[in-house]
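In the two assemblies presented below, chain A is common to both, partnered first by chain B and then by chain C.
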Partner chain A sequence: MSNPTEAIKEKSMVIQKEMLGDLFTQLSNAKENGKKVVYTFVPGNLTELILALDMLPVYPEINALQSGMRKKSGSYIKDAEKLGFSEDVCTYVKCDIGMMLNGNIGPTGEQLPPPDLLLLSYTGCFTFLKWFENLERLYPGVEIAMLHTPYQEDGKITDDQINYMVKQLTEEVIPKLEKVAGKKMDYDRLSKMLENSSKSEQLWVEVLQSAKNVPSPIDSYFAGVYYMGPLFTAFRGTEKALEYYQELHNEVFERMRLGLHPINPEGEMKEERFRLVVEGPPNWTNFREFWKIFYDMGAVIVASTYTKVGGVYDGGFRHEPEKPLESLAKYCMGCYTNLNLPQRVDLIEHYIKEYKADGFLINSIKSCNSFSAGQLLIMREIEQRCGVPVGFIESDLVDPRYFSYANIKNRLESYFQMLEQRKIIMQQEGASI
Partner chain B sequence: MERLTKTIKECESLAFDLNFKEAKKWKSEGADRVLVGYLPIYVPREIIHAANGLGVGIMGVGDRKQIIKGDAYYQSYICHLPRGIIELALDHNLDGFDGFLFPAICDCVRNLSGMFKIVKKGKFTRYFDYPQNFDMNIGGTFYRELIETVMADIKAINGVEVTVEQLNHSIALYNKNRSLIEKIYNIRQEFPWRLSAVDFYHVLRAGLVIPVERHNEMLEEVYSVIQNDIGEPMDNIRIVISGSFCEQPPIGLIKSIEMAGCYIIDDDFMLGSRWIMGDVDATTDNPLNALVSAFLEKSVPSSAIYDVDNPKGKRLVDQVRMRQADGVIFCAASFCDPALLDRPDLQKACDEAGVAHINFQFHENTGQFKVIKEQAGTFSDSIKLWV
Partner chain C sequence: MSKYYLGVDLGSTTSKAVIINDKDEIIGRGITNTRANYSVAADIARDEAIYNARFSVLKKKLEAEMKVNPEYNKYINDLESVFQYEQFKVKLDRLGEELLKTCGTFFKEEERRNEILNHLRNIRRAFKPKIKHDYLYNDLGSKNQFFRDIVSEKYNEEVNKLGIGLFEPLMTVWDKSISPAENERVMFDFKELVHKAMEELEVKYKNLPDTNAGDVSVNFDAEMNLLKGNFDHVSETLREHIDEIADLEFNIENMTGTGYGRALLPFPQECIRSEILCHAFGAHAVFPNTRTVLDIGGQDTKAIQVDKYGLVTSFQMNDRCAAGCGRYLGYIADEMSISLNELGPMAMEAEKEVTICSTCTVFAGAELRELTNLGEKRADILGGLHKAIIMRAMSLIARSGGVFNEFTFTGGVARNQAVIKYLTQLVKENYGDNITINIHTDSIFMGALGGAMFARRNLSDNMPTDKAVHEVA
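So, the complex of A and B:
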């Protein structure tokens, strides 16, 4: 086993750290500087609209996951449960509510400002709606804008759905944003931002697709959750995000050119033994330990569905500066959890084949019906269609009570053994042909 | 009285016929008839009726079917309802259904719509994505298009072109259905002993699997009998049940609550049958718009609808006051995010209004009611002591 060392810091990581530091400073000074604050969700977010009106976004899910990583979520969840929230419901919601009950202290230790607007664009998850109803009660009188994103129930985005969303945007959401911002939307500025978004998205897709290379230069899940940050949250459409993705792209492609393996918190992987596709979010409370089980075994995640919750860009979607609202509508509807189950199966099958994966693993999250309901059928379908070994583990996003390290490690070890045996058999069969 | 007993017996067997024999028989009696199954909570059954179809409510299997396959499709931390429904589908109980509608209540139901697509059940399956925007030109237009899509799905099967007259006729029949249901609730509010909660439950649930015309006859009969002074009042408190709008509590649970001294005088068990509060206009030359505006303006408070301008807590308290109830029993299915995430706020509204409440969770196949009975009994005693 290697000794834990200081994480290797590449330039892109430094840029991202600066971006986040700057955002949280701006947030903590928001009230003094007269900046308006908008709480909103990650999947299907309307970040360009918020930023084009000079407002600052806050993402409650990100707060929850950060609380998970900082080992605060357990007590936050318990506080929410004391308030009457059932043990059974989504722990992101409870963690966020618990954090508010405890002074709304953000990841940098500074207090987050209360919202001037709750922008409920709920893509791919019904619980978001309940979450914001609860937030509204915690901030009585706060302005609210609602964007209903229709589900891709028939496996496609229809014109009726686009029209519905564009109408909501033009007649309700944007006027509400403008009212809170105290200024009119500058559509030229919005288009410029969407152009930046589109460029960043292209770079992001190329980074993701670098994992098709054998060996993969990246881990698309554990490192992917860091890589996706700027694009999926407060920075999409900014020059800084574009700079970040350019830098990340350079680094990844250089690694690929040199035939290097992914970086992890202990350094660089030395060997790629297994290539996996993973479905479902990671656990945040024990993120590092969880990741370590994989890299210790030489397992690289070459594609994951979780890194598509903020947009399935590798499916071809890009924000379009010429059609800003229409493309925002399509963006919201195109996020992974807004795909129907057959689409999800097709996407996973595509990943397994395109990325030459040895196996498919589901991390089923207790909290998240949006992801989890139907995963066992997804698993059967993939097994039938792709013939790769499938694995299934269970944990939670931010509730430490549902992360059993020993259990997960045992299961994964058996799974890796199965992959190993299959490899040997396949090599033998290959040799005998 | 004898007639009532007979009707209730009939309703009981209809309500839990997991082979949907009556609905299938109805279909077999006409060449262009279609069966459209729908999950909780609400779909506008009027449009199916007008297209020579029967909307059939699929409310889960309760404790009437052992789940074997369904458990292999769902993790332990997902509610019970969808596993029972996938079991029905895989066991061919739903063969003969032409299509399925999955109303937008939660992601379990939403994803189940995709599971039905994968296991290839029905000629169509639709996630019925209610608008969460209540402007006639925005959410209304979207909802109308959604309804038209379902109508096109049915027409593709039976070729029936729905006329204004037919749709108005169907609307009138469902208006009558809802109005009779409300009348029975109103009588039970004053004289709950005249029809037990369990019997009423069976009467309501039977209405999900038979033609509305027949259900209306049954309701009329029940209504006429319970206008008479029948049954013996008991020293029970009156409560409202909240949170059982999707996965249904087992009959034993409903019975236990009443036996513990609580008359259930209002509830959300069959919320879909009571969804529109009041009548939908059945006299217009645009009945689709009438259905749309009824949805936008007259929907019952529910966990499925974004409620920021019209808080559910206040509406629950109003309901308690209107029914002159003594308290609320929050009774939600385990792992039901929509009900359980609404619960703290509803409880807070009750606390602020001085409305007593207790809560418990159940599975549709819960078999032990001792604890629940004790809890409900203590609740009843404590209210009797203080009122």
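So, the complex of A and C:
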């Protein structure tokens, strides 16, 4: 039987695969074609600026997570540790350094070009600073641009902060980008891209909000990390990305119309038993195994904070073609790890209520201070405010030594049983009242 | 007919079974050491719980009469202890066969083999009466000691008396024999065994001297005297009742398996439940005002928050490191060459607590030797070690949200007096004097109790399990 939704589903995946394949081919031919390469990070990225100057972006943490999924991170990390990196250093960094030491072969098997520019646009993660300091040593003489992004200490973005960032953009970052690119910024082109960004963002938000539906047509975490790819990496602002989100939007809304459950690597989920909100990045080395524990138990992630790592749109932010630099500044300051703890708690509380979640789960990542600091406090606060059962598991981004399947399964099993038992008792209590 | 429910908690160190009736009352407890064959461990714990339940039913039946005739109570208690000795004898015979077999295959040279066999016979002859005496007169049966531990202690004692040259061959034979003997379930006929126990008991009482003049190994008390003077009558009166409970059919309506090894239990998948839920449910049932549960088991520590229904709202556990758990104490006891049971009492004599920095079990052992060399007193070091365990537990509790009133402490380690002392001290220091701390004599059975209670409520109907999902898919 031909399943139309499956066919449609494939289409968005095919588009994304094409996009990635094309990017890595361009990257491997960059030097021959005289294309300049910019290494930059996902949170608060300035992809539109890079693309508007016809340069190619490389995201080291995406390479690291890809290495993790392809089971290469373990040996990369060991190579970095041999070089002197401590056991406690972020494993994205060590994996990336290890990959470079081993010839800088990217996820498609093609070699990645060395950077012409290191663009640090998000400083909320202090490790990023140190990461690029190390890359500078690996690529002596490489150009560097740094944009200081103020932390949302008081829980809001002020005009002063925006002005401060715009000043940096106009006086330092864009001139440096122009110097490396060898051309001037075309602001009309930039505005056109930001318009595409804004449209893609609107579609993305609607895709995420489809999970408010019961049953949810998507898994906002395990599948969400695929869905967010084009928007948070090399494609935001492109026609292709807009096409991708249009397609994804159609598929998801069709699934919702048909009352279908999310798709996982083994097919379609049959029943939605638990709706969860998850905080923290996933583990990449055992991503499939990790995901399977959830879908086998009928658990759907209806909202996650990790899919906001490249930008939070819940408060209405979209890129603005009319105010390009101001909106880029707001974008950088609005990414999830740049929010203060009360803002993060409020956001999670909103997710639990709006997405009718049964529980809240934290995957605490050994490597990531940006996410992990304050998580126990968040957990307690959410427990008190929302009265939902909370769970806590521990793993790492890409260090396979910190993923203990048996321990994680044991905790999750207990957690799901907690949720189920609560449902039963609450029903009984409800009936007796 | 009465309905009974079974909970089995297969822990990393011990396997526990609890049988409850339809009023959630515990009527049977069984405990054994966890071994390579989990299913045997579970079966033994369950069998023991059922034997224990028969004696409980007997006592319940005779409740009114026992008030008038306290010697009935004495008789039944004695009988249960001797009954355990009868089981012990069968297991010892089984071990004997295994030792002979190992000897046969291990020592090819006949002379050597006969020499070792001879020693084995002598060893057995030397320790068997001692153990029998402990069962009959010192109530060994009620001390929750496992066959392996009882025999190995005495075996080691006897081996150490022999020449150093015999140590290795005799210990090798032991090591190769104990596990196969232990991994096989021995089936007992309760009725046959209880009759044998009654005969043994009769011999005991007939041979009791009139006073304990000169014999300090028999602990005379008023009840024993009462029973001695009246033995034939009591025995005859109770025989009928004993036969009745021996014939009683124990219908287990439903059961739940939990604990570290639960996935390996020969239970249907829908009868398997997380130990976190079971411990919380058990602790909450015994102390209904419980809001925070601390469970320290063999290799993990769990801090659990529960609501007024006994439902878990959050939990934290140590799944990276076993320092601060029962095994840690076991390791320390080995390092100090004393038994696990002596640790607590010795730590209670501490005049101060030596600070133990190590968070690692193995390094704590090294630190302990170092501190001993520096002249610190053993009791003070042990005091420090016990405090260190509780400090780790306190940090886990803090991670789970802190201590809320009331606080219930469960798990095997809750039997250690020094642990309780430091726990009480630190809970009060950190969370105030108004926290009620509950510790039940059955604390080690809380997980199994919770399991049995789940079985009675049959909440498992809709529980998510791998199997259930796979069947759907």
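Operating definition for what follows: the second predicted complex is superposed on the first by the 422 of 433 C-alpha atoms of A that agree within 3 Å, B and C clash if a C-alpha of one lies under 4 Å from a C-alpha of the other, contacts with A are read in each partner's own complex, and residues count from 1 in each chain.
Definition applied: a contact is a pair of C-beta atoms (placed from the backbone, for glycine too) under 8 Å apart; a residue touches a chain by one contact, two chains touch by 3 or more.
Keep in mind it's a predicted model, so treat the numbers as computed, not measured.
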Using the superposition on chain A described above, determine whether A:273 touches chain B (first), chain C (second), both, or neither.
second
Just chain B (first), just chain C (second), both, or neither: which does A:146 touch?
first
Under the stated touch criterion, which partner chain does A:18 make contact with: chain B (first), chain C (second), both, or neither?
neither
Determine, under the contact definition given at the top, whether A:389 touches first (chain B), second (chain C), both, or neither.
second
After lining up the shared chain so the two structures overlap, which partner does A:376 touch, if you call chain B first and chain C second: first, second, both or neither?
both
I'd like to know which partner A:297 touches here: chain B for first, chain C for second, both or neither.
second
Comparing chain C with chain B, which touches more residues belonging to chain A?
B
Check chain A for residues that touch chain B in one structure and chain C in the other, and list them.
376, 394
Residue ranges of chain B touching chain A (in the complex, touch as defined)
72-75, 77-78, 82, 104-108, 110-115, 117-119, 126-127, 129, 131-133, 135, 137-139, 141-142, 145, 303, 306-308, 332, 334-338, 340-345, 347-348, 361
Along chain C, where are the residues that touch chain A in the complex?
273-277, 309, 311-317, 319-320, 399, 401, 459, 462-464, 466, 469-470, 472-473
Quick one: which bits of chain A touch chain C in the complex? Just the residue numbers, please.
266, 270-271, 273, 296-298, 376, 379-380, 383, 389-392, 394, 404, 407, 410-411, 413-414, 416-418, 420-422, 424-425, 429
Parts of chain A lying in touch with chain B, wherever the complex brings them together
83-86, 88-90, 93, 120, 122, 125-127, 129-134, 136-137, 144, 146, 148, 150-151, 153-154, 160-161, 163-164, 167-168, 171-172, 340-342, 344-345, 364, 366, 369-370, 372-377, 381, 394
